[in-house]
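Chain lettering (A, B, C, D, E and F) follows the sequence in which the chains are written, and residue indices restart at 1 in each chain.
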Amino acid sequence: MPTVTITRLARFSAAHRLHNPAFSDEENRRIFGKCNSPNYHGHNYTIEVTIGGTPDAATGYVMDFGDLDRIVERSCIDDLDHKNIDLDVPWMTGTRSTAENLVVACWRRLAPALMEHQARLVHLRLWETENNCVEYDGN
Amino acid sequence: MPTVTITRLARFSAAHRLHNPAFSDEENRRIFGKCNSPNYHGHNYTIEVTIGGTPDAATGYVMDFGDLDRIVERSCIDDLDHKNIDLDVPWMTGTRSTAENLVVACWRRLAPALMEHQARLVHLRLWETENNCVEYDGN
Amino acid sequence: MPTVTITRLARFSAAHRLHNPAFSDEENRRIFGKCNSPNYHGHNYTIEVTIGGTPDAATGYVMDFGDLDRIVERSCIDDLDHKNIDLDVPWMTGTRSTAENLVVACWRRLAPALMEHQARLVHLRLWETENNCVEYDGN
Amino acid sequence: MPTVTITRLARFSAAHRLHNPAFSDEENRRIFGKCNSPNYHGHNYTIEVTIGGTPDAATGYVMDFGDLDRIVERSCIDDLDHKNIDLDVPWMTGTRSTAENLVVACWRRLAPALMEHQARLVHLRLWETENNCVEYDGN
Amino acid sequence: MPTVTITRLARFSAAHRLHNPAFSDEENRRIFGKCNSPNYHGHNYTIEVTIGGTPDAATGYVMDFGDLDRIVERSCIDDLDHKNIDLDVPWMTGTRSTAENLVVACWRRLAPALMEHQARLVHLRLWETENNCVEYDGN
Amino acid sequence: MPTVTITRLARFSAAHRLHNPAFSDEENRRIFGKCNSPNYHGHNYTIEVTIGGTPDAATGYVMDFGDLDRIVERSCIDDLDHKNIDLDVPWMTGTRSTAENLVVACWRRLAPALMEHQARLVHLRLWETENNCVEYDGN
């Protein structure tokens, strides 16, 4: 019984800013550089959601890609797409909207939502630009 | 004497929102949809800047790609990258920050800046997402 | 009043086969090679639909990308996606399903559909593989 | 003695359909959706074949990329490219041609073929569209 | 009778250096910068070859992509791939191996070779890096 | 405390040749094929540098992508970009400039340089062409 992973890519466009109110303005500028720009900037993000399992004998599916897509939409994309990550997304409140923190927050929403559909999340990759990505596997 | 075009790609990450204060809130939502989201969203934009000319007999260059890059940076990217197009970019004030208006505004900055270096701008393409782009050739 | 073009990419996955019943089997194999394989093969196609116009003063749009997308879906993608171009698409009947013929057929469906929305189709590009594409501008 | 993996990408264009004769027509449509379309559809697939080993002291190769390419061609691509996976590929008979089943079937052909050349297959990734991929490592 | 263009991409990996023996070493370094590095550097080039014509009524082809590919291989790629453009390519001798000069030289080889097959070259695009490309249409 | 990896892509254009002076000319040609071409060829390489760690509670960073970029530049890219790997790069002397040997050599430079900044290198991937890549994780 082979274990196969399947990965679905989803995209969202969002604004954000890196800023820690516990730092002085000067510290924020020094630490976060242009990412601290006061009126926000933004990205076209791509998230790669990987689940693992055994292909079903009758369907050949680990999970239907359409079902996976809908869960990713409902758990993450609907809240993030065409939004301001710092102001509009309750589950990112009180944290810095770095790619690192965002990928962990997405995991914490996706893992239980997938579990409800008997799907096991095994890997997330989040691209912020074509040159920068982060990955998380739940540990 | 052959005429060759050379194209340089440059990238910037910016926030924006589509909103016309002359419209009611309801009209803004209906016309601009999720692009009217109040707290901004953002994109990784790519701009393709094309100039035309005859390769120089001694250098083989229409223009040094490094020089072209610096002019694009100074005329456009420095103002746009990690900025809010609606709030931070004086030359986009009073207009909707659609890709269409943005590509025309970039042309109006790039064409004279390139002219000062004896370079003739012939085409601009601006990607807002991997599925949407706009083009302008000065007419 | 600047004229700007806007381009929307859309994708579809379809099966097809190149075969002319007026040719002998041997001629079909010689002329179409592996594209004549009897039980069909298939591609992930990408179509780039370009329309031209003047950005509206109030909206900044040549046309809403969402509206353009819906017209492309209804005119072309719904008929082609997850279909057999030779067997399932009435408007491709009686012709070879080469990329050349397909891009012309898409033009003939898209141009009038866009015209109904006051949009002027100016260019189509159709990718069959990452190495092969065709273009048509209505002439 | 470092262990390095090398990965070669190969591409094929194929038709297929998801359908289980043990299901009713209605079940097939509900379970497989548009992938059950009766006359087949198709994709440009990309397979990423990864082998692991120690670079040879004299050549610096884990394996010549050209040799790896030829083995992938002979074991998989020649049978799949410009073919119907359900009708033309004996080693996919009697199974659903999902990406999951296809990647496992490719592994079972590639692993022994590579072994004959003293190469150890460690990972396969198969892209069905630009948004969907599956991976298998033999377990 | 519609006129359609078809485009084939081909790739080659080559070394080169920008240097004009009529310049002093200091001038060469100032004008060509790191591209003047004495022991050569290199690129993965991509060339996009576009021909125009009317799809044949019986085949639906402007030209078979395979035939086009073979002509591009024979006229350009065979001479350039895994070669040093400055030292190994007779038809680039005595000129600077800029992308501009290279695209014009490729045109001069491709246009007559295609003409022999009744094919009309209409456009060439040559990518030197993912950020730099040049285009030529024979004028 | 989650462990997240962050990956930065960097690019360089370099010339090289595969040749072992211990082999006869005929052996070199047979073993290395066109990669043995005497006057060098070249590639646009992409290196993906992955480090692992816990996002800092105050900044949300595993490491600032800008800092990572500078270390990669200083340790690897500055020595490789627009250079001949065989002739210009002291830390590649006496070895075959295969992708396999190059990725190991980059690891040996990057791992200690990152360690000085309390960053732990966990993975390197090096692309030589769009179809060939190698990976190394220090073992």
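The rule we apply is simple: contacts are C-beta pairs under 8 Å (C-beta built on N, C-alpha and C of every residue); 3 or more make two chains touch, one makes a residue touch a chain.
Just so we're clear, the structure is a prediction, and the values are computed from it rather than from any experiment.
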Query raised in the report: Same or different for chain A and chain D, when you check if over half of the residue numbers at their contact belong to both copies?
Result: different
Query - Equivalent of D-F within the choices A-B, A-D or C-D, defined by over half of its residue contact pairs recurring - result: A-D
Query raised in the report: For chain D and chain E, what's the span in angstrom between their mean Cα positions?
Result: 34
Query - Between chain E and chain B, distance of the C-alpha-averaged centres to the nearest whole Å - result: 28
Report summary line: Separation of the C-alpha centres, chain A versus chain E, in whole Å, is 41
Report task. Find every residue in chain F that makes contact with two or more other chains and list them. Result -> 130
Report task. Spell out all pairs of chains that touch, sorted by label. Result -> A-B, A-D, A-F, B-C, B-E, C-D, C-E, D-F, E-F
Query raised in the report: Within the complex, which stretch of chain C touches chain E?
Result: 18, 20, 22-23, 31-33, 95-101, 103-104, 107, 130-136, 138-139
Report task. Over in the complex, which chain A residues touch chain D? Could you list them? Result -> 2-10, 50, 55, 58-62, 64-66
Query - Interface residues, chain D side, partner chain C - complex - result: 11, 13-16, 34-35, 37, 39-44, 81-84, 87-88, 129-130
